[in-house]
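Multiple structures are listed underneath, in structure tokens.
Below, chain A partners chain B and then partners chain C, in two separate complexes.
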Partner chain A sequence: MLENSIFVLLALFLLLGSAGMVGFKQTLFSAISFMMAMLALAGMFALLDNSFLFLAQIMVSVGAVVVLSLLVIVSVNVKEENLPKEPAKFRWMLFAVVLVAPLAIVIYKALTYMPHTWAKTGEGYGSLKMMGMTLFKDWVLPFEIVSVLLLAAMVGAIVIARKEPSNDA
Partner chain B sequence: MFEQLFLILPMAIVVMGAFVLLLLSKTFSLDKLNLVAVFFLSLSFIIEILRFGTTTVCYSFPEIFGKMYIIDDFSILFDLMFTAGAILTLLINTAYFKSRNYYNGEYFALILFSVFGMMILAHSNELVTAFIALEIASLSVFALVGYHKYNKVSSEAMMKYMILGSMTGAFFILGTAFIYGAVGSTNLEDIAAYVNVPAEKDLVLVLIGGIFIMVTILFKMGAVPFHSWVVDVYQGAPFPVTMFMASTFKIALFAIALRLSLIDFASLNIVWSEILQVITVLTLIGGSFLAITQKSIKRMLAGSSVVHSGYMLIAYSSIGLGSDMAAPAIMFYLISYFLSAAGAFGILSFIATGSKKMMTYEDFKGFSERRPYLSAMMAIFMLSLSGFPSTIGFLGKFYIFTSAIESGQILLAGLGIVTAFISVYYYFKLIAMMYFYPSTDQQKKFPFDFSGLLIGVMAMMVIWGGVGTSLIPFIPGANGLIDIAKQAIDSLQNVL
Partner chain C sequence: MSMAAIIVAVLSFVLAALLALMMIPVLVWLERRGAGLMQDRLWPNRTNVGGFRLGGVVQSFADVVKLVMKEEYYPSHIKMGKWLYMLAPAITFAAALLAFMVIPFADNIVIDGESLRVQALPVEYGIFWYMAIGAIGVVGIVFGGWLSHNKYSLLGASRAGSQMLGYELPLGLTVVAMLITYNTIDFNAMVQWQSATVFGIFPAWGIVVQPLAAVIFIIAMFAETNRAPFSVAEGESEIVAGFMTEYTAMKFAMYFMGEYVAMNTASAVIITMFFGGYQLPWVSTGYLLENFAIFAAVMMPLLPIGVFYFIRWMRKNNRVRASVSSDGGRLFETKVFTIVLTIMTLIIEMLLIYLILLPSDALGTAIAVTIFQIAVFVVKLMLFNLFFILVRWTLPRFRYDQVQHLGWYYLLPLSLINIFVTALIVVGVS
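Coming up: the complex of A and B.
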């Protein structure tokens, strides 16, 4: 019973955070709502007894992604009147909700077909050690090519962001 | 040990080449970097071509990688196309990137990273690996599209492509999660075993997961409900990148799509076929409309590439309806489209080297007087794209429509033939502009260099693929190519 109520609470925060991220006009508020959603998601992982994912979620999504975007927002410091005007924003959002409703039904339907019997988790489930064993034993190839993915993304980002005064023409 | 290393050597060479290029990018000139990139790619190409047809299906490092990295003729044929596409892109555009000051050394490394991603995608026998490989390839292409960063059109194209691409990429991972939820594994063989054994199981979860994966694949192909980015991105990207995307990146998507539908979801194919039929009709009609309405040649070719996806989707939906010809037909069409589109975009970028304006139909008036050689080559590629007999494009369409009729989709085949006739309009308009109008400028002397020679060789291959038999050894003609395609598909189906 306790985990159910915790789950409902976390889900509420997740939904509120996601809605706030889309709904707020000020980008700072959006970023903080996003942080709330990410923290709630980390809580979900903790509820599943997966301590590694819980830590990784907080460190990467909250610690790195949200803080970095907050830093950008604060350093750019956009004034309220310079933000783009979106008069019919909520009407558009309603339209989008109607548009993606069938997709949501499909996803809901898929979830109801999930098997209800689960394999028992073994000793040390969700621990750092088990996570490391899984990554380096069963998933070596994806794990290794992720490094190439990050390198390619980094090179691409540097190429796009780098300023080259000689090429300004 | 060394045997295993030899198996992954082509892929390793490409990624090592990318690292070497990154290290050299500040010290070498663009010309030298280009040669280094071509050297690595052709090394990989040569190893693959020696291996094609001689290896049995096997996994690389099975005790370490599990069954994630598969090596069969199917993936080797795709590797050959990727490396050849990248080599052609680099060699034909040597003059182009020297004429633009926004190119720098990282360009070559990004192309090699992208080829590496596509090669892993063709070899991957597991959904998470496939997703990461797809992202490697697309992230490099995102950066390449926005390479001209001080150009608004180019930056806009990159942002559009990146945001839409990342969002549809999320569908792939969601679909993988659903399939994992049902099967308990993301390995394609486990999924196939789960799906193909009839029992009292609900396949709804696998089906929805498969549909989500298909969304990503169809988006990157540019099928019609997901096509809104195609024309703008193709136009915004620099010419060499457009050529790379249209000829090489598009093929990579069919690698994973064919592997999925032939191994993975073979018994669910009836359901796919219904969805795919609708998408095919939309793609053929919408793509034709896109292509007809354009004034710029680059945008017209972008629109027509949507139509060509539509032709391949005709055969793709025939797979599920029991046509043995369908899968080899797609392979053959991929080869033919690869040759013709790479040639057409190659000529465009070759011409664009000297001028910076957008090329419209009007600019091609009297082109045959100014550049008789190039316009003859362009005419050949246009004939092939429209499916004129005696070119490779005709045979490609012939096999596609045969497979559609074989599987009983007469209406779809009919629609395909109608759109082929419509496509004659926008392709022949260019030929008419080049040959039947007087030139406004004087004839200019133009240098005949290596790029021109390569374009000529490709035009010869387009014709040889349409009429040739195996008279000349080592150069596969029309029947040789379809045999290669069949061999590749056979190697794929031997797994089970």
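Coming up: the complex of A and C.
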């Protein structure tokens, strides 16, 4: 019962945050909505008793992603009147909702047809050790490929950000 | 859950809340006292409640009363997001306070074969919790700075954000090196690891095992907590008060107190990871549990001597100049404190006698060891807070570009090399 009510609360925050992320005009409020959604998602992981994912979610999504986007917002600092005019915003959003509705129905049907059995969790579920073992034993190739991708992205960003050699020399 | 478990959990929580919150007035006082000491002048020392000055700590309470009584004022140019403008300091304060909750104050206390954590949040992912929750603090600063709609606040917010990003990397990489060394993310297990010795002589504290990591970690902590010499986000000389410029009354006080709570938390994390936490050097918990009677016998004569000299020092110093006619209740304060200290010493002496005569009392010894370790922890915490304060009043503030340069060009490569060397050594040894 307690789990259910916590889940409903977290889901509410998640939905509100996601809606706010899309709906707010001012970017800073979008950022705080995004943060709320990410914290609610972390709470979902905590509810599943997975302490590592819970903390990694906060660390990566809030500590890195939200802070970086906030930095961009602060650096750009768009004035209220310079934001793009969106007169038919809510009509477009309604249109998008209608477009996505069939997909939502498919997902709902698929979920309700699934058997109501829960996966058993083994010893040390959600711990850092188990996570590391899974990543480096079963998923080592995808893990390494992703890390090469990240490295390439980092090198690319540094090359783009590097100072151009001055022409007036 | 047994009764003992509930009692230990509640007491640890109360202790953590007290250590985090009651430390604020003490730290504010210590800051002013330290500033006075370093600059050869006095400190606020007149405020008293019925003669009780506590050496000037009462001034901090007077400040709080003043800040609470102040008019709740909004700058009229803040049109939107007033609720977020209000909430921003609370986010920073709450993040600092929550991050403190995973610090172990003593080793696991064993009652009736049940091992109980002396931690406000009894979790085993301590350092992860600190890194995750501590990162939220800067979000409050950026919100406040942006919503103030003031160029100074905006500059302060962007400085706080980019400085935090620049130093989070060396901090995290240093933590990775320490995780390789300790082979755990649990704060308590880290402290237990540190109760061994290296080469049979030195205590295996983090700073002895990993001196480079310790230096990088402490520097990064100074930057994370926005303390001088890294306080560019406030930078009075350049940007008025940075992100706090438009804040008044209790909203300002939240930022102000949050800074001290963050500093206290940083000290606690540093001593837990690098200075043996609640342990005395060379003395592990098991040794202390077995031989507590000897410790009690050593403490018995030392305690009254220490208290005697403290009382004599207080009697000599807690008075006004001879030319002043009224002593403002200082003699009364000295008298009350003398009586209170004497009674407390007597009670502790009696408890020590009990522990010496009845060394077979396992529960009593366990509780005494826990209290002893908490005392060691608090002393270390105060010493490190003092270090933070002395550094603030010794070094001038760095320029903003120097801060970024230090973080990206020196600390980041050094911490990467440190991980590499640590991994090589750990793999080589095992």
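As a convention for this text, the second predicted complex is superposed on the first by the 154 of 169 C-alpha atoms of A that agree within 3 Å, B and C clash if a C-alpha of one lies under 4 Å from a C-alpha of the other, contacts with A are read in each partner's own complex, and residues count from 1 in each chain.
We adopt the following convention: a contact is a pair of C-beta atoms (placed from the backbone, for glycine too) under 8 Å apart; a residue touches a chain by one contact, two chains touch by 3 or more.
These figures come from a predicted structure and were not determined experimentally.
Asks: Of the two partner chains, chain B (first) and chain C (second), which one does A:51 touch, if any: first, second, both, or neither?
Replies: Second partner only.
Asks: Once the shared chain is lined up, is A:108 touching chain B (first), chain C (second), both, or neither of them?
Replies: neither
Asks: For A:156, is the partner it touches chain B (first), chain C (second), both, or none of the two (neither)?
Replies: first
Asks: Taking the superposition on A as described, I'd like to know which of chain B and chain C A:63 touches: first, second, both or neither.
Replies: After superposing on A, A:63 lies in contact with chain C but is clear of chain B.
Asks: Should A:145 be classified as contacting the first partner (chain B), the second (chain C), both, or neither?
Replies: first
Asks: Quick check on the superposed pair: does A:29 touch chain B, chain C, both, or neither? Answer first, second, both or neither.
Replies: second
Asks: Touching A:71, do we find chain B (first), chain C (second), both, or neither?
Replies: second
Asks: For chain C, which residues count as touching chain A in their complex?
Replies: Where chain C meets chain A, its residues are 80-81, 84, 123, 125, 128-129, 131-133, 135-136, 138-139, 142-143, 145-147, 154, 157-158, 161-162, 164-165, 168, 185.
Asks: For chain B, which residues count as touching chain A in their complex?
Replies: Contacts found on chain B: 15, 22, 64-66, 68-69, 101-102, 104, 106-107, 109-110, 113-114, 116-117, 120, 126, 128-129, 132-133, 135-136, 139-140, 142-144, 146-147, 149-150, 158, 174, 178, 181-182, 184, 202, 204-205, 208-209, 211.
Asks: Which of the residues in chain A end up touching chain B in this complex?
Replies: Going through chain A, the ones touching chain B are 106-107, 109-110, 113-115, 119, 138-142, 145-146, 148-149, 151-153, 155-160, 164, 166-169.
Asks: So in the complex, the part of chain A that touches chain C is made up of which residues?
Replies: 26, 28-29, 32, 35, 51-52, 55-56, 58-59, 62-64, 66-68, 70-71, 73-75, 77, 80, 128
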